[in-house]
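For clarity, chains are labelled A, B, C and D in written order, and residue numbers in each chain start from 1.
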Amino acid sequence: MSGLHEECGVFGVFCPGGAKDVASTVYYGLYALQHRGQESCGIAVNDDGLFQHYKDVGLAGEVFSPSVLEKLGPGNMAVGHVRYGTTGGGGRLNAQPIVVNHRKGRMALAHNGNLVNSQQLRDRLEMEGSIFHTTSDTEVISYIITKERIRSSSIEEAIDRAMEVIEGAYSLIVMSPAKLIAVRDENGFRPLCYGQTAEGDYILASESCALDAVGAAFIRDLEPGEILVFSRDGIRSIRSHCGKRPKTTCIFEHIYFARPDSVVDGVSVHHARKTAGAILAQTSPAEADVVIGVPDSGIDAALGYAGAAGIPYGVGFIKNRYIARTFIAPGQKAREDKVKIKLNPIEETVRGKSVVMVDDSIVRGTTSARIVKLLRDAGAREIHVRISAPPFLNPCYYGTDIDSQDLLIACHHSLDEIRELIGADSLGYLPLDRLHELIGTPPGVGFCCACFSGKYPTAVPESGRKNRFEQKIGGKAKARAAEI
Amino acid sequence: MSGLHEECGVFGVFCPGGAKDVASTVYYGLYALQHRGQESCGIAVNDDGLFQHYKDVGLAGEVFSPSVLEKLGPGNMAVGHVRYGTTGGGGRLNAQPIVVNHRKGRMALAHNGNLVNSQQLRDRLEMEGSIFHTTSDTEVISYIITKERIRSSSIEEAIDRAMEVIEGAYSLIVMSPAKLIAVRDENGFRPLCYGQTAEGDYILASESCALDAVGAAFIRDLEPGEILVFSRDGIRSIRSHCGKRPKTTCIFEHIYFARPDSVVDGVSVHHARKTAGAILAQTSPAEADVVIGVPDSGIDAALGYAGAAGIPYGVGFIKNRYIARTFIAPGQKAREDKVKIKLNPIEETVRGKSVVMVDDSIVRGTTSARIVKLLRDAGAREIHVRISAPPFLNPCYYGTDIDSQDLLIACHHSLDEIRELIGADSLGYLPLDRLHELIGTPPGVGFCCACFSGKYPTAVPESGRKNRFEQKIGGKAKARAAEI
Amino acid sequence: MSGLHEECGVFGVFCPGGAKDVASTVYYGLYALQHRGQESCGIAVNDDGLFQHYKDVGLAGEVFSPSVLEKLGPGNMAVGHVRYGTTGGGGRLNAQPIVVNHRKGRMALAHNGNLVNSQQLRDRLEMEGSIFHTTSDTEVISYIITKERIRSSSIEEAIDRAMEVIEGAYSLIVMSPAKLIAVRDENGFRPLCYGQTAEGDYILASESCALDAVGAAFIRDLEPGEILVFSRDGIRSIRSHCGKRPKTTCIFEHIYFARPDSVVDGVSVHHARKTAGAILAQTSPAEADVVIGVPDSGIDAALGYAGAAGIPYGVGFIKNRYIARTFIAPGQKAREDKVKIKLNPIEETVRGKSVVMVDDSIVRGTTSARIVKLLRDAGAREIHVRISAPPFLNPCYYGTDIDSQDLLIACHHSLDEIRELIGADSLGYLPLDRLHELIGTPPGVGFCCACFSGKYPTAVPESGRKNRFEQKIGGKAKARAAEI
Amino acid sequence: MSGLHEECGVFGVFCPGGAKDVASTVYYGLYALQHRGQESCGIAVNDDGLFQHYKDVGLAGEVFSPSVLEKLGPGNMAVGHVRYGTTGGGGRLNAQPIVVNHRKGRMALAHNGNLVNSQQLRDRLEMEGSIFHTTSDTEVISYIITKERIRSSSIEEAIDRAMEVIEGAYSLIVMSPAKLIAVRDENGFRPLCYGQTAEGDYILASESCALDAVGAAFIRDLEPGEILVFSRDGIRSIRSHCGKRPKTTCIFEHIYFARPDSVVDGVSVHHARKTAGAILAQTSPAEADVVIGVPDSGIDAALGYAGAAGIPYGVGFIKNRYIARTFIAPGQKAREDKVKIKLNPIEETVRGKSVVMVDDSIVRGTTSARIVKLLRDAGAREIHVRISAPPFLNPCYYGTDIDSQDLLIACHHSLDEIRELIGADSLGYLPLDRLHELIGTPPGVGFCCACFSGKYPTAVPESGRKNRFEQKIGGKAKARAAEI
């Protein structure tokens, strides 16, 4: 319900034993990663150097009919992508994987993350006469790798050199005619792991839940800065970029983006969320009869809160499972209350009670206010809102859409004002100084929490946040990049 | 995950104040009732005697685009339907509401339930030269009402007479040029309730959660046998069929079909399920570290079990929210394990633990066996399966697809054999003699549990169960009624 | 370009040798009959008593994908239908064949024509408690046959009796579990013929061009009143209704509806049209440099005129082949001149010349005026319009949409006024008293020309034309029967 | 029926008076140019520097729904494209206009033609690190212009320089933020003209029939080598490349590609075809009763033959207007004779007669053989085939798909062998030395007829025809560039 979005999920498969139905394997993987991006998706299949690809707007189940999967044909490797994109723009044009032709053959790229120096790189490339078909970072990356490829003896060498140039967040899967290559940026902002199936095929995925979906056993996460090359000669790890920077994995992966059944960098997402709830029970206790979570992502933290506080956990809401991403509310009145269509409180659970309601975030505050009102209307006596994250105060430059301070309620209002605005009896956020407990590291170590703290682990885009914001509200400027 | 299906959900709206956008209101109602039927849906709008209707296979969100809703136009009343149908057959042809023309004008019917004497009625009608376009009971009902209408002074009188003839389970909404009429059979097999919005519009729905979805306040459930007429002259209740038979509402509505946030015949569905879990904790206790539910319908009973047993409740599985009803698993291997695509265990919750796993039913046993195996592979030490219903032993003739003893595992295996087959360490069903506690009635009173007990509250179809089964396996016979 | 429409085309196949891919055969037949109806189409396949059918709005090529044809399966007989319907209403609901279940099994009906007593029959049936799902005559016919079937020993006997009751224009194909039956009304208003393929399969079709399309050799036209039964026992002709009335085939089939490559009742349509042109050259001669036809239906008559007058024939217009029936002209200006998008004059042919332009009809006059203006703008010096039919003065009750005098320009204007309104230098219609020459019969014998002459060969609907017109303009009344 | 295909049609609009609904104007233009390409189409709209574009596989009427046109929004200029592409590959990816971002802003390109040095240019660009998303020449052109743009003071200067580099056939429309620019290659291979509407908007189009469709008055054809710039400052013609090479417009535009109602380089296409027929009447006379044309493109030449020979012209075939480009023939038997579904002879015209049948070309001979057989089966006594073009003997490198000598029947067979193979009684081609008469130039001047003569007006691709052929049959090599 939070309105926040991760930009992408990537998935790859490499079959040492030769061509098989890799498209279906990727298809299952994309299903499992669908929560990371619902706007568009794509699959590129490589059959011994011959590429077939297909991508379009829509969910994996909408884009990939059995006949499309069949046309993609068998292959010895493949790469897939799910993408979240801004409403109305981009669409099919920015769908990934990007498949390009260059001097040394074809290349497919799937990318999760966001560069901080893409504008500078793009300016430089355009000065050299490069043309761009899309507005995405990924096309910039494909150019940089291509340029390096001309003077490199191998694709992995080109990637290694490109990593000297590109800065920011990127978990990449690159497919060349003969190799499948996974890359994780030096900070390790976005997750990336790999595993192996019983048949011996290697699987790459943004999250371990996608390994589970295709029956692959988890092997390990990629290290920040690592380049992992799968080819006929086996697996090779290139670690020349490892250890250059402190690891700063996005903590919001654990709080919200990742699926609870995934294990990211060795930590169970479900466990991290329960821990957040348990911390909240200590730092923001409440006299209450029941603890409920806002589905789906508030459920785990609610259980953690309930357990730590010794208050019964209850099912507070039923979420309508048939409301798709593309749901358009017809009629005037309904348009005003989409929340009601999606969530319905269980009166039995809350009537006459003091309720702790756990959610993962408050962005603008409007959704939270509506959810609180639903509970109030269902007869809750007191409503204590607990947020399993600190307040958002800063834009994110690493691949999420937390980006304008003007829209973030916590930038303009005190805790008590927010409580008042959302109509809660009390309000508590997860303290910033306890975030590290979610993943069991020392304070401030091993994760990025710049959206909460403002401390960015890399240089930020030159034009800074002001420019970003102008792009957002500058309708015409935005339209420049739009394809219907 | 159970593979059982309710046949339908009905929804109606009557606006005393004149025409408005009733199509959108029904659309929201169908969204809220979508769990009762996902094969096809339809809406008929009545604008002062002029009918417009549209129906097709698909979910409400797929069938009703904004432009289709707009074409349905404004009206002072409307009726909608969601339908579950057998795979491959029926489809668009059997979608409801049925809209027919007869001597006295147009009539739309939406029906939830199943007649027990439809074959006899159909035989009789055919002997008189009637033709049938569909294979559904609803067309039979529309004929019976039409025939009675010829000699009746009003549509409600015709319905009253028709109720002397039709037998079995039916919650109906009938729309005539000037009236909206709700009907519940004498046994009250299927739920039906009504409420009113702040604007004064009356809403009819199979479940109260659909009243919530359109912002209507619940007024009351219809009584078994009641005919409720909405017209310009206000509301009129015809009770000539009330009290003729003992009330026998389907208990499986509470166990599985209805949404937990609905209140059916005065009982919270969520509460009934928690009660089932609590009873199981008494009748089938287990030494365990955690209690988990199989999503979505096992969650409430698991909470009840956990609370009653004093064992912590945990989130055991993540259900993939993007697997649609129409999901087709491509590839050979995957086809063998659809369960894995839909459910993924959270290892954190179950590894090394003794787990109580609560589900709502075991039909053939194959799905249960796979779910147990998922837990075992995720490291569960012991798995104690608890079912929040008694074993299925008999076919249902009242509108569900529990119908062949040959497919029901409990008809052919002992408790211990079933436990063995599904791979559990222990297995416990809800005792038949405690079912009444779910809805707080005296033992054996107020509900139908024929699928468990074999005690049918009405006569059953002449040809009995054998014939039904033959129809199922008789491919050609079945095809007779098929439209693609 | 005339804006007139035939209501339907029918096609059937019977395979004495057993089941085969009859759906594809019908599909080809419907392609060849597509000019007779472009709104909806359908196919019903009978595999030894088991029926499968599919129908929808759209052209044959849109409705029948290879996968849909495959699902229809093999069969030993099949029936198909193309239908023209009024804009906005009817649609999928009124698509044919109608497939119904009655006492003696299933029955599929495909119908071309229009009854004159359908309202009386419908009233009677409704009084007996019959319900109607559609507003089409065909459902009435199916009821009448069904009622007669109860007391008849065979389907053909029932049809024979039904023919005593139904009046008007009907070319029918009826499919029972074991028989395929073709029926032509006593007047023979609409064409119907049959032939046989090299494999021995019998083909029924509205026009002989559909026999050609499936490689069948033409055998003969059905006689007015004939019932032709195809079964395992061979072919049987029932002629009890033959000779009861004078044959009055619709002359407009030859003038406009039928394809020029068809032979209807022994007369080449192409030849009949050339004859019309030749007569016009005598009755309305012109001093001209070139004779052109308005594509497509004016071409043949133009050739006839040119030949008889000794004036060169030229290609006057190019018709855009990509403007589909569903073409929606966006933009205001374009909406005003759809004709221009469809037709473009060849300046080379007409500049500076005196031109004879032959078309098949003038309905409201607006389209003709625009076409004349196109020629004028392309530099034609003089434009002599010749119409290969007499003026429309009366509604048609036999299955075309020539129906309101209020819309027919010839009802309200003199020849010279019409000439003036369409901007022609001269205007000539085919004389009524020479119509018989098109088909080589004695004057006034063998054809219906009621739309020109007002002499109806049957009783006309009781309510007469006034009522029909009211239905047309009575928006609400019309909507009564509408499905989106 | 010939199986030959033009590769593209281009259309542009420039409104000096400011933004309006240019998308609809382009839409109508594409309808009129649809015969030049039916695989994919696209429109790019420029609203004062802001670009919106949409393209997809399908006809204009399929791709551009009213809602898509509306989303493209108003603009002061726009460009559109229709494309023919090889079956199965390319598809959406190679659809045009190409819209790219470069240093100086956005640029849209629509291209008709084929470069002869695209492979060398592409090799060079790839060596510099350029990446290619498509396999089309157009992307190469966009790179060359972009590279020149860096060092040029204007887009037209960049285009002028690019023309020094690119060689071959190209009629281009380039849209920059502030200008719409039309370009025709130095040989003038492909047509390109412009006109103006009554409102003062300028229209660019491949053929004049598209000017007619949007109500624009023809102004003139572009000269070979001309660059025509439309901007706020008016129209500017850059002629630095004019007169560098002899004009060699593709003669097959007149014979087959262009629409008869177009005037190309001052010559009426209809007139050119009639002339071809008249020449054939002299060079290949026949004793015959009737002259018929194979629709649609053989009609005009047939009229010319008939007129010159003094033999009556007749309508020999009806072409089914509902067979779309995407028609898939189901069923085995039918697949063997697609010609029969598309064409049906009019027996009335040919039975018992000696027939001259005029067609525009013979490619492989199989289609011609089937058409001759249709006539024979319809009773034609003698069939004299006349082809309104010389025999194909050489591949075309300028934008058509006449490309492998291995497939061209005339490369391997004598005239008499071909006559025998197609089953004709006599066969005559248009003599090469009279081709110039079609367009009224001196012998060998003003047109390219390399596909007949082998005399190429430019250098041909280095790898020559052999390589092209290998690419064709080299399935894997071809697949390299394929997107589904």
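Throughout what follows, a residue touches a chain if its C-beta (ideal position, glycine included) is under 8 Å from a C-beta of that chain, and two chains touch if they have at least 3 such contacts.
Predicted, not measured: the structure shown is a model, and the values here were computed from it.
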Practice task
Identify the chains adjacent to both subunit C and subunit D in the sense defined at the top.
Solution key: none
Practice task
Using the touch definition up top, find the fewest steps from subunit A to subunit C.
Solution key: 2
Problem - Approximate Å spacing (C-alpha centroids) for the pair subunit A, subunit B - result: 37
Exercise for the section: Determine the centre-to-centre distance between subunit A and subunit D, using the mean Cα coordinates as centres, and give it in whole Å. Expected result: 47
Fill in the blank from the handout: The distance between the C-alpha centres of subunit B and subunit D, rounded to whole Å, is 60
Completion exercise
Where subunit D touches two or more other chains at once, the residues are none
Problem - Touching pairs among all chains present in the structure - result: A-B, A-D, B-C, C-D
Practice task
Could you pull out which subunit C residues touch subunit D in their complex?
Solution key: 21, 23-25, 27-28, 31-32, 34-35, 59-61, 66, 69, 209, 212-213, 215, 259-261, 263, 268, 270-271, 296, 299-300, 303, 307, 312-315, 317-318, 320-324, 326-328, 330-331, 333-334, 337, 340-341, 344-349
Problem - subunit A residues touching subunit D - in the complex, by the definition given at the top - result: 49-54, 68, 71-72, 98-103, 106, 126-133, 135, 142-143, 146-147, 149-150, 476, 479-484
